[in-house]
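Here come two complexes built around subunit A, the first alongside subunit B, the second alongside subunit C.
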Partner chain A sequence: MISNLRFIVDVGVFLVSLVSLVSLVSLVSHLCFSSLLCYIFLIFTLLLFSSQVVPVLEKTTHLTFRHQILLEASYNLMLTSQRQEVHCAIADLFDSSTVETELAVHASHHMRAGHTDRACSLLCAAAVAAIKNNEIKEAVNMLTEALANDENKVNQAYYLGLMAWESVRKLQNDVGGSMAMNGLLLLAEATGDSSLIPRIVTQTELDESHLEWNELQDMPPEDETDVSILEKATSLCMISVAKCIYSPSYGHKVPERLEREFGFKDIAMPGR
Partner chain B sequence: MCLFTSDVILTEFFLCFSLFSGGESDKYADYLFFRASKLAYEDRNISFWVISHCWVHLKCRFMTPEGRDFLQRTAKRFMVMDEDVRVEPRLRLRMQTSLMMWYTPIHPEYPKQALPKLLELTELIAGNQKLVSDQAAAIFVTALCAKSMGNMQLFESCTDTFHGLRCDTEARVCDVILVACYRYQFAAQYSFCANDSNGVHANWVEVQGLAAKYPKVSTQNIPSPFVRLSFMCWLSNLALDDNDYASAGGHLKLAMNPMLVMGVFGSGIFVSF
Partner chain C sequence: MLLFLFLGTLTIKDATELKFPASFVETEVQRVDALGEDCKRLIKVCSCFGLEFREKDLLAVAPRFLTRPSQISEVLAELRMCSKVCD
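This part shows the complex of A and B:
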């Protein structure tokens, strides 16, 4: 009860402070300031004084609102265009900063500032880093957001490939396989390369690819190479589809689709 | 009681159910694998390179001479990968678990040779809650090897290791289910060895309840074909002990379902219960 009362008082104090501040800043900005960063700085200074914004313990350079409601209240007091400007300023600050910033946070500011391309590439980089750390849930959320916002088909295929790879690794063949097949079709559409569309391969094609694979060293060399997103997306989608064909008992959808849409005739789906 | 029977029996088994096609879809999957792993090689993506090789063993390759050559080549490649410092312990563990599954039919001595390495790698990732599903798979394979070699002390010690496994509180549901399946399957196997019929039945009830416990996840693979087949074999054995031929026949009929057989034997492992 006491803590609830204290919270209501806190919110009240905060709102009064914020309204006074906004009036003050409007007045001052009309007089001499036009810089958005000064505006943000003043707001945060006041919020810090009223203890509504607190430093993030692990990262001294980051601040966070003490409560989600405070964040939402302050956020909703601004117009969409104002919010976009603020996010844009923060994103630019992060871009030029020498201090390492969390990729997902950086991406969210770019996304809200309307810089979709930059935001998606940052989200993808954050997702790849998360996958390396085995934080799959976070990675999938980031890739889903990137997929919803990116209009580039090759990039979309890459996001689908990454999610498909993680799904089939956990034996979720139906989910992962569908994503991978869609990824391959997107790649074929974007590049005009019909060889990416599932098809019956000839023995010669198979032998050639086997020979090339056989000639590779047992471990990739240590030098750095620059492989395009297109190639990364292709490899992820291809191996995920292959896994679904290798183990049909963990999901029938890919084999069924191959049979229905692409004319494969000998699909082994025992028990069907 | 042995873990891996001769591949001759397996060949008969597969021919019996016409599970080995080697046709269009198999060729397409191989073609995709070769192209994808070549791209991973060019990308210098170690994780992708290693894991893609762990997948290609499926589809009963050990049954043809060309397939055996291919598996020998892949196994040699794994040995080189295992010695490379760029390969993380979790990937090396994945490789060892995978090798146990498909290399044994062509190299029966392998479990005995590789068991110390498997134990060492499992120890290396122990405690990392994000890798608990890899750890569970490795412990399960260790238990199978121990049982097949008659090392019951090691087999029993796997019980404690399984008890110590804890999933991350924010782990994905599919990970939690995988670990639960391994745990129940191992517990049932232990009960079966101890002639504890109630233990096997209790664990089967738990496994069957998983789909209802996690309704948001596709129930098609819960429990996995391997788990289902194992339980069917144990339950039919127990029913025979009680002279309940009708139940035994019912379980065996389910166990001999080609869908289950494909899921388990396609990987190259044959577990004799």
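This part shows the complex of A and C:
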């Protein structure tokens, strides 16, 4: 992080030098052009040496344990309550700090401090960031940890939905579909809305759904903060189940489960 | 060639996967236990941060866990001297 910022400052210094050089050259040849460049030079200088840039140059020293054994030995010497107290202090520091800390590290301190809700939300944010970077294994590990610790059923369904969608995208339909259906069951249980459970619908209901579908916007909203966790969880789980139904050649457990548990009959399964 | 391939499969990707014999850890526990009171407290706080951490963060958190909070720099220097932590 610091090295990146230093690089930016170095580039800035280089630009200032370049502009000043050009302005000096043009001062000799064209007076008007040189005055313009002098203004640019002045603005660059002000930007570089303003208070916003100076803190970037602050040096951060990192400390490292000589050996992993030493770390484990020291950690094992502490009582659980002592560890919790220290982790709590570290988590509070990271919460109030302006320095960017890795989300997963931040989450682990909250988790060990006993702040489960905060830890799970940070783990989820870290997992979403990992998915965007195509680090699926790390994302699944984080979501599994969040799933094991979060008691909120809607959140659990969201974690399942994220994992399900990633599995289905990798054509692991049996794993992904199972998680998505479990997610839908959790959502139905949490909200009391039985329409979230896969069920056979009448033609009228189907037509109404089709009309609603047509009224939807073409693209999802750009600002994800407007979308609730419930909506995200529902969408992810439903899309994952639907993908399993329409691509049964990559796994047939979802259609089978739909028939066995939810009374569906003769689901089109061309690959079976 | 096959030997190299075999050795390649034995490579451990993550250092944290290593399991040390109990006697190694116990020896280190005794060494840590032999440190001064504040040194011991500080290294315990360090262990909560993990293998690598920012000195600035340690200086912000650790004082409240020491018997002499104002002397944290000296205690940290002592830990560096006995090669428990390094830059």
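Here is the rule we use: the second predicted complex is superposed on the first by the 191 of 272 C-alpha atoms of A that agree within 3 Å, B and C clash if a C-alpha of one lies under 4 Å from a C-alpha of the other, contacts with A are read in each partner's own complex, and residues count from 1 in each chain.
Keep this in mind: a contact is a pair of C-beta atoms (placed from the backbone, for glycine too) under 8 Å apart; a residue touches a chain by one contact, two chains touch by 3 or more.
Treat the numbers as computed from the prediction; the structure is a model and nothing was measured.
Novice: Is A:79 contacted by the first partner subunit B, the second partner subunit C, both or neither?
Specialist: A:79: touches no partner chain.
Novice: In the superposed model, which partner reaches more residues of subunit A, subunit B or subunit C?
Specialist: Tallying touched residues of subunit A, the top partner is B.
Novice: Between subunit B and subunit C, whom does A:242 touch in the aligned arrangement: first, second, both, or neither?
Specialist: The answer is first: A:242 touches subunit B but not subunit C.
Novice: With both complexes overlaid on chain A, does A:105 touch subunit B (first), subunit C (second), both or neither?
Specialist: The answer is second: A:105 touches subunit C but not subunit B.
Novice: Where does A:171 make contact in the superposed view: on subunit B (first), on subunit C (second), on both, or on neither?
Specialist: Touch partner of A:171: subunit B, not subunit C.
Novice: Under the stated touch criterion, which partner chain does A:214 make contact with: subunit B (first), subunit C (second), both, or neither?
Specialist: The answer is first: A:214 touches subunit B but not subunit C.
Novice: Contacts for A:89 in the overlay, against subunit B (first) and subunit C (second): which applies, first, second, both or neither?
Specialist: Only subunit C; A:89 stays clear of subunit B.
Novice: Touching A:251 in the superposition: subunit B (first), subunit C (second), both, neither?
Specialist: First partner only.
Novice: Would you tell me the residues on subunit A in contact with subunit B in one complex that are also in contact with subunit C in the other?
Specialist: On subunit A, no residue contacts both subunit B in one structure and subunit C in the other.
Novice: Taking the touch rule as given, give the residues of subunit A at its contact with subunit B in the complex, in rising order.
Specialist: By the definition above, subunit A touches subunit B via 132-137, 165, 169-175, 198-201, 203, 205-206, 209-210, 212-214, 216-225, 227, 231-232, 234-236, 238-239, 241-243, 245-251, 255, 258, 264-268, 270-272.
Novice: Which part of subunit C faces subunit A closely enough to touch in the complex?
Specialist: Residue positions touching the partner: 15-16, 18, 20, 24-25, 28-29, 31-33, 40, 43-58, 60-61, 64-65, 83-87.
Novice: What does subunit A use to touch subunit C in their complex?
Specialist: Its residues touching subunit C are 60-66, 68-78, 82-83, 85-87, 89-90, 93-94, 97, 99, 105, 109, 112.
Novice: Within their complex, state which residues of subunit B touch subunit A.
Specialist: It is residues 17, 19, 21, 23-49, 51-52, 55-56, 58-59, 73, 76-77, 80-81, 84, 86-87, 130-131, 133, 170, 172, 174-175, 178, 218, 220-221, 224-225, 257-263, 266-267 of subunit B that touch subunit A.
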